[in-house]
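In the two assemblies presented below, chain A is common to both, partnered first by chain B and then by chain C.
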Partner chain A sequence: MVRLKSRYLLCEVCVSDRSNLLLLDDRAIYTATKAAVARAHGDYGAALSSLGFSVKYLNAHTGIVFLRCRKSHYRLIWSALPFIASLENRGQRVPCFLNCLHVGGTIRTCQKYLVRYNTQQLHRMLPFCQSEAERSEIRKSLLSCTLKKEADDVDEEEDD
Partner chain B sequence: MAVFMDLNITYTTDKKRLRSVIETAAHLGYSTVAINYVVDLQQKKQEIGKPKCVLELFDTFPIVQGKSRPIKVLNRLTVVASDPSHFRPNAEYKAYDLVAVYPKTEKLFHAACMTFDVDIICVAVTEKQPFFFKRSPVNGAIERGVFFEISYTPAIRDSTMRRYTIANAISLTETCKGKNLIVTSGAERPLELRGPYDIANLGLLFGLSEEDGKAAISTNCRAVHLHGETRKTALGIVHTMKKDQPLTERQEEEHVPASKRAKLETVDS
Partner chain C sequence: MRRADIKDEPATYERLVYKNTSVYHYMRISLVLENENTRLSAAQLKQLIVSGLRDLYGEVGSAFPFDLLKFDARALTGVLRVYNSGLVKLWSALTLLGSYQNERCSFRVTQVSPFLLTLSGNSRELELELD
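Up next, the complex of A and B:
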């Protein structure tokens, strides 16, 4: 069987103030990306990005986004991502930038990478704990989160 | 092993902002950054000062994403030259790890490529390039191991600048065929930095192939860093450094015989 292959861009939304992340939603990222592609590549880019382009997943707590696009022209869309300087939602502008972490052929490989990446983040953040009590509390909350779904686990890890 | 480097972070007197830029760079996975001091000698009363000590910035340097070692911070001097007298190598240049020149005229560009003792030649990104890149000086620069720099921050800020950046970058890559090119940020604020993989892919717009795009932020930057290092040494072969003389007690001399040996060290590069 032949299927349409796509590429998934796993991106991280970097903002200066993390509380602003909760303002984001799928729609804001979708429109911002499309506008950026249209600005960088004109009508041709806009036409290509309208094919099979979607925001598959957004985690507003950790600022992780999955973008899906066709395999044949994902580099064109990717090259426009650095030109996004702010996202707009309900009249509020959030200055930010997208940092691409991983490019994968399936959601599954991206998810695997994300789990590894978040573990790495946890190890980076743990030394910043103020006291031993805080550290043990984080450890406890990590262990207490049930492993019903892997995705839940991922969410929990970065809410330091 | 490709470590990513960003050899242009604009110096600001605001220490807190500079610190947050470097922290963001470490978060994005850059192993080395260079703080850029720009000197425009056309304006009067511009002095090349000593660079600020990088150790003053942080107590502990932030750890690089995905690595276990702290970020390395270099100092870089950019001389904006519109007259041949502006570029005078003297003792002040030696305090910097890297030296760059931003030639404004074709004559100076030729001189920068062929004779100036620099590591980096900046390419205009905020205005239309006033001259063509000729094959002979560019080839001369490639032969000498001097690198050309394109910074992408103006392209992010403004649409007109983006056109200039892309146009100048493409006219350069047509001449140098993607070799000896580095892409740097030139960021003043933390939100103007971009991730290394995004920049490698941005090379697509600058007319670079996938491989050259990645080299432009990793291996080429390493070559620039080593080139800067060789300026402090004798042709990169012999490197002298001062060692603390051991105290006169004989006991200590017995413990540390190594320090009595020749104070010459070969640089392995």
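Up next, the complex of A and C:
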């Protein structure tokens, strides 16, 4: 069998005010990415990358985005991502930047990476706890998570 | 069937292989404008080509070097020099360029060669002196 291979770009949306994240939707990310590709790579690049390009997943609470594109031209989108400076939704501009964490061949590998990345972040941030009460609070909320490993956004929420 | 006057001795030929070809390609182009009275300078021509490149390939794709070696402002012809890697991009951008200052125009690519010497003569413009 022959299949069309894809690349999934796992990105995180970095904003200064995290409440702004809830304004985002996948349409805003889609248009901003297309505009950035069109500016960096012109009509040719925009047309090439629009084949099979979609926003697969957006977690508005944690700002995690999955972008799907064809394997042959993922570099066009990849290289245009740093040029996104703001996302616009219903007339509101959210200044932000997209940080590409991982490029994977399947959603599954990206998800695995995300879980690993979030654990890493958690380990990095735990020493910054101010008091013992705060530390035990985090520990309690972590242990109270009943979701299985598929729900990668649970431990993500803890790290901020 | 074999004609009697052709001898069947093997044709002698010399095979010339140029291994280290030039890093550049040279193109002779001519610009056709709708209004023939429009004049433009060499800098304006280069600006026009760069803007065409930017439309098609964007800011990243159009950032490759090319030079306008010679420009004849009267006949609107010129010679471009471009690295081999940028040849296809430059050529396609020239083909798809359609307007100069809201005036329709088109580029004709007359000759393309890796050797500048080739552009010195064009057999298509050769006028034979017939008696």
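In the analysis below, the second predicted complex is superposed on the first by the 149 of 160 C-alpha atoms of A that agree within 3 Å, B and C clash if a C-alpha of one lies under 4 Å from a C-alpha of the other, contacts with A are read in each partner's own complex, and residues count from 1 in each chain.
Keep this in mind: a residue touches a chain if its C-beta (ideal position, glycine included) is under 8 Å from a C-beta of that chain, and two chains touch if they have at least 3 such contacts.
Quick caveat, the model's predicted, so the values are computed rather than measured.
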Given the touch rule stated above, what does A:Ser16 touch, chain B (first), chain C (second), both, or neither?
-> first
Examine A:Arg124 and indicate which partner it touches, taking first as chain B and second as chain C; both and neither are also allowed.
-> first
Does chain C touch more residues of chain A than chain B does, or is it the other way round?
-> B
First, second, both or neither for A:Lys71, with chain B first and chain C second = neither
Which of chain B and chain C A:Lys140 touches, first, second, both or neither | neither
Based on the superposed arrangement, let me know which partner A:Gly42 touches: chain B (first), chain C (second), both, or neither?
-> second
Look at A:Pro82 in the shared chain and tell me whether it touches chain B only, chain C only, both, or neither; answer first, second, both or neither.
-> first
Between chain B (first) and chain C (second), which, if any, makes contact with A:Arg108: first, second, both or neither?
-> neither
Residues on chain A in contact with chain B in one complex and with chain C in the other?
-> 39-40, 79
Using the touch rule from the top, collect the residues of chain A that touch chain C in their complex.
-> 37-46, 79-80
Chain A to chain B touching residues, read off their complex | 14-16, 39-40, 75-76, 78-79, 81-83, 85, 95-101, 103, 120, 124
Chain C to chain A touching residues, read off their complex | 54-62
Interface with chain A, chain B side, in the complex: residues 20, 24, 27-28, 63, 65-66, 152, 155-157, 159, 162, 190-195, 197-199, 201-202, 204-205
